[in-house]
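Chain lettering (A, B, C and D) follows the sequence in which the chains are written, and residue indices restart at 1 in each chain.
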């Protein structure tokens, strides 16, 4: 076992073993073991990153006769694995505080460990089938985590719906994977190379795309992410902000060589569309976590669009920065919810996540306020923050791609991208103003000492600092200056200078849009504005756009319609099974014992009352025939003579 | 000329020792019955005659014509005589509520005599006489339950028999008229232009044999008679005259060169399949035990008839096997029925939940039931399997649609027959026990029941005895 | 390594049945422990078989493809002119039957443990159970068609009485339906057996041996000989024979048009018998297709590949859809078995390496998973004597350990990777979708629609899981509440090994597939090559 | 005009049908037996008629035997009828209806 293999095994297995230990034996006091194991895992991932930088580590082993699976750790995988381990470590620490006192906390840590294990496995897997295996395991662990508080039926239904939608998308991915492995004999991601165009390749590409859309909550499948908010907040932070959703983008990034141009075009379009739709949906939400969920979907839309337009590095860069500030936003939101939980734990009908009962927290939770503000600005894409760098890279890539393509779809995608760039600062500004500024709408006297304990404050500050631009790139204005970038992509694609002019245009345009967005949101939601004062009792929006936005384009109801349709098909098919197939089989006399009611004759034969059609047929002939044996002998003789006459007559012809 | 005819008869008699012993025995039984009131004496005489008849069975090397062609003795006849006597011995052990009057055993012996003669009858007059002899003793036997219904059954059986024998006589007269002779050997149907009236005559004559063998149009008497006559009589009635009748039917049909006269061949195939189907269908709604088995017997004669349609070399071994196994099956199932009858279980519903009180009998009855259906672990399967193979092989040669449809009907009736025979174990095991009034069966009955059932398993696992019989028949060529 | 291992495995239960028969019926404990002892010995023997099976053996022809072979003459009947009918006791095992024997070894032990609860008529129950196990092992090991047919029929009787006497309220209806469905199937197989017997053999002597049938040593001019091209009602008689055998075994499999007996039989059978019925008896149908339908009539198999694949695909989708509409959990699992056996049929129909190894793997993994699922229903049934899904909810909070097993086996059954269900299904799908480029037998869209099956199975399993286990704890009758105890030691002993096996086979499928790789390779090649030679005749 | 063979055949056929009709229609058991006797005699007539052309006169021997057999049958039939009369108190065939199906 050479060193790389041990490091890899430790990185991937330590979180799992820690989790399993706490789940089975550890119990309450086992949590520290789990957190320590996660810490160890993170350190191992860093060492793995160092040991793998010069040459990637590949291993193959025979899974089933005819199929050989394999791992491949190259720099991209190692970097992302360390990112996932780091964020997972932060969540482990945060959950100690947030989940403190929950009676099933050992089960929670077990599931966290299992999720980290499957996510790391996904990043490291090389063979497409192994990727699919860990892909489904990630879906399964997210089902477990969302449905953690399973005694509340809404949360359990949320988990089921999330898994079902993922499963539907995974079916598409499975077809893609099988086509690749069996038809095109492309087995290993590391060995991907330019392929001549063939309809099979196109179909496989679409399969991969659907799989990525399912996991990264793109247009047809984004319904499950808001549902996933039912899980504990650290889980939403870990899974539904930083890691799991990035899997889709990671897959598209990894298989970019074999994605045909049409597939890329569709990806770009759907990415842009999702970004726009999610941004609009985030405008009118009341639940603090729902706003962040929709913003995640819209940022994912950006990343997918980035891959679609060919700006791979910036989309991966956006994934990196998004992981940090979105995790930071979720954890701070978690702290806010935690505060309201404790402030109001005596009156139970109070919803700790509804922004209508919040306000004026900047004085009560100063550290949380600062962290939320910094992460918010990074999300909105203000210069001097990491968000700006990566988003600007994607926008310029989209513009270059649109100009290069020159067709209407390209320009539509760019328009959608820029409109979303404007909307993002609006809804995050609204959230900051509603939660932290103005007067507190419910709690009249601030509850002292509710500031989260030191370890939580530390995590929030780390994430906030990571969102400053300096942490990601030297020049605050160069979208492609990501210091980690040249580590990841040895053939560092230098932006061709011919588009210098376009780069400047996007930079200027994006800065204007962001600032105008912030100004608009400030004007609408400044502390003493009419809207804020009436916000406490604000009901659902009435207007068409408002309703569309609040109900997130009615995606939930569309899913309900589809699943009800399926249910009806299954009910009718069961009726078919019971009434027709069962009976038609007996029609041919295969089974002589089935359905009684149709045949009204209740009789004393073998199955006390149950007569089937074949039995009925044979009975009627039997009865008719036995009349011949009726009592009167002369009738019997009559039958005899009749028979003989029939035979003799038959003889003549 | 008269003298050589006389001494020809004398040395001919030498070969008929089996029949002579039976006749003498019957008379002996009758006299003992009249002289002493003790019944076991006539029983002893009855078994004695049977044993002696077996001992004196003539052994012949090849077929012999006796009395210038009116009687033909062949290998098949000898084997069948062995079967008849061996089967008849067992009826002494059958339990019945009231012991039979001595005449009962006289009549059984007379049926035995009639059937053995039927095996070798080769002359119209002899056939008529022998068929009448068996029928008359059967008519009387049905009354031996001395109950209201048994008289009625006897009467109906007699009227039915009377009509068919009258028609048969008319047919015989027509055959005699057209062929000019009574003995089968001399009859030559080719030179005649097959006038329609002769065909009618043949059919009417065959009717009498079909009556004995209970094939479709002439089977209507079977359910009532089997239901009402004493069980041991039914055993004899359902096996011995039927098998003898089939041998006779085969002789008559092969005489008319069955393959060339295509219509008789197809008629037999059609009648056979209708018998099988009606036998099975009729049984579905029966509730009386003996009546149920009666319908089963009708459908079994359909199977036996199928064995005859195949040309003699292959056909005969299949026929003999089916006959032997059919005899054993009937012996076993009728013994069970007579044991139950003595304990007061006549209807199917009386059997429900019987396995609680009588575990051994209820488990053992499964074996004859499975044999009657034809499922593997029992001899019934070998019989049917061999029959199907013969028919399929014969179909491969002449690929005639009548044979194929007959084979398919035979196979499908296995499913229907399962449905009817399965009622007995179904009521025994899967129904809750009803009237507790039924008393237990004695150990001697249990021993005999085990012997009969295990015989069926034994024949399946060790079929060598069937091989020996097959060799014996083939050695004495036809 | 005992040489006549197979005969020992077949006749040991019969011998034990005799012993149990002798034990007085009030000594229930003695009867149970002797049966358990026999079954444990059976399990050890089957494991010795697994270990002793030499996977590296490359077979050239069917004659040397089998191991642990024993042959001795059993019945020899002299038919008049037809020559002699000899049936010999000919047993042996190859890569296809060995895993199924190991599967039945394991499930038989678990079946005995789960029938500890049977109280009335214990002796009769265990005697029938032992006879059933003997005929099961015999069926898988038989290499003589007559012997296979005798064991195949021999299985019906014990099952008929086991369901008929110890079953649920409508047991008599279900048992007779089971008996008649399978008997009709076996009659079809009987016809083909006779046909084959009359047309197979060397130098004039007919024989029942499957080896000669598979190697294609037909008598010249016989009916089923591919050269004669005998037409019956206008169809080549070999296709007709293949059709008959296919229908016969599809009734047993069960595949869609002939599956209606399975839900009734399962609902009415006691738990232990359901485990055996789903775990092993369905595999006899699959094994029959492997050994008889596809090995003896390869030309018909290749010609009719597409309709059979479509039937398989319909079973998958239709079985799943109907399962979704059930409100009795046992019926739901029965219909899900129909859907999973559809995968077996589809995998077999495409005749590729992945397809066939996937179909065999699916049979073994379905054996373990559906066995465990019926045990889970049994656990619930022992406590509440009720199987309706909506009568109980929120069990997770009351019985966490039980829920762990339920989640494990539900997700195993719907094909979550890392558990054995996934491996079988993905191999079959790979075979089905890849078949078009490998041997052009089955079009690609059939595999694509079959993928729908994994979505439907996820739907009904999760919906049941949510309705019964999540949400607040509620039980229809109060009397059930104090019954709701965590799973006891006996249930632990049954569920834990199955759980370990499902996970082990999920992560390391090569444990099962490596030893039998050569047999499957040989099967696929022989079907394709022989099929082509027959078609070219 | 000279009586040829066909006349005899016609007569015996007529007798046969008459006997059959009596058997099927008459209710009283005795009449049914009478009908059977009539049919048997029709056959005898036929036999005797045919034996005119056969030098060995087998037909007539056959006829004598069948007369004897018919007598035996009548005896048995009447004995059974006696029993039935004792139990059913009537000789009407339609009353014998206990054995159904």
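Just so it is clear, a residue touches a chain if its C-beta (ideal position, glycine included) is under 8 Å from a C-beta of that chain, and two chains touch if they have at least 3 such contacts.
Everything numeric here is computed off the predicted structure, so don't read it as measured data.
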| item | value |
| --- | --- |
| Pair exhibiting more inter-chain C-beta contacts, A-C or A-D | A-C |
| Centre-most chain [mean C-alpha coordinates] | C |
| CA centroid of subunit A to CA centroid of subunit C, Å | 38 |
| Averaged-CA centre spacing for the pair subunit D and subunit C, given as whole angstrom | 67 |
| Centre distance in Å when subunit A and subunit D are each reduced to the mean of their C-alpha atoms | 98 |
| For subunit B paired with subunit C, centre-to-centre distance based on mean C-alpha positions, whole Å | 44 |
| Subunit D: positions in contact with at least two other chains | 20, 23, 32, 93, 96, 98-99, 101 |
| Multi-chain contact sites of subunit A, meaning residues that touch two or more partners | 592, 606, 626, 629, 633, 637 |
| For subunit C, residues contacting two or more additional chains | 172, 176, 180, 184 |
| Pairs of chains, among all present, that meet the touch criterion | A-B, A-C, A-D, B-C, B-D |
| Touching residues on subunit B, where the partner in the complex is subunit D | 124-125, 128-129, 132, 136, 139-140, 143, 148-149, 151-156, 158-159, 162-163, 165-167, 169-170, 172-174, 176-177, 180-182, 223-224, 227-228, 285-286 |
| Of subunit C, residues touching subunit A in the complex | 172-173, 176-177, 180-181, 184, 256-258, 260-261, 318, 321-326, 353-354, 357, 394, 396-397, 411, 416-418, 422-423, 426-427, 429-430, 433-434, 437, 447-448, 451-452, 454-456, 458-460, 462-463, 465-466, 469-473, 509-510, 513-514, 517, 520 |
| Interface residues, subunit D side, partner subunit A - complex | 20, 23-25, 32, 93-94, 96-101 |
| Touching residues (chain side subunit C, partner subunit B) in the complex | 75, 77-82, 85, 149-150, 153-154, 157, 161, 164-165, 171-172, 175-176, 179-180, 183-184, 187, 190-191, 194-195, 197-198, 222-223 |
| Contacting residues of subunit B [partner subunit A, same complex] | 155-156, 159-160, 163-164, 167, 196, 199-200, 203-204, 207, 216-218, 220-221, 223-224, 263, 267, 278, 280-285, 287, 349, 415-416, 419, 422-423, 426 |
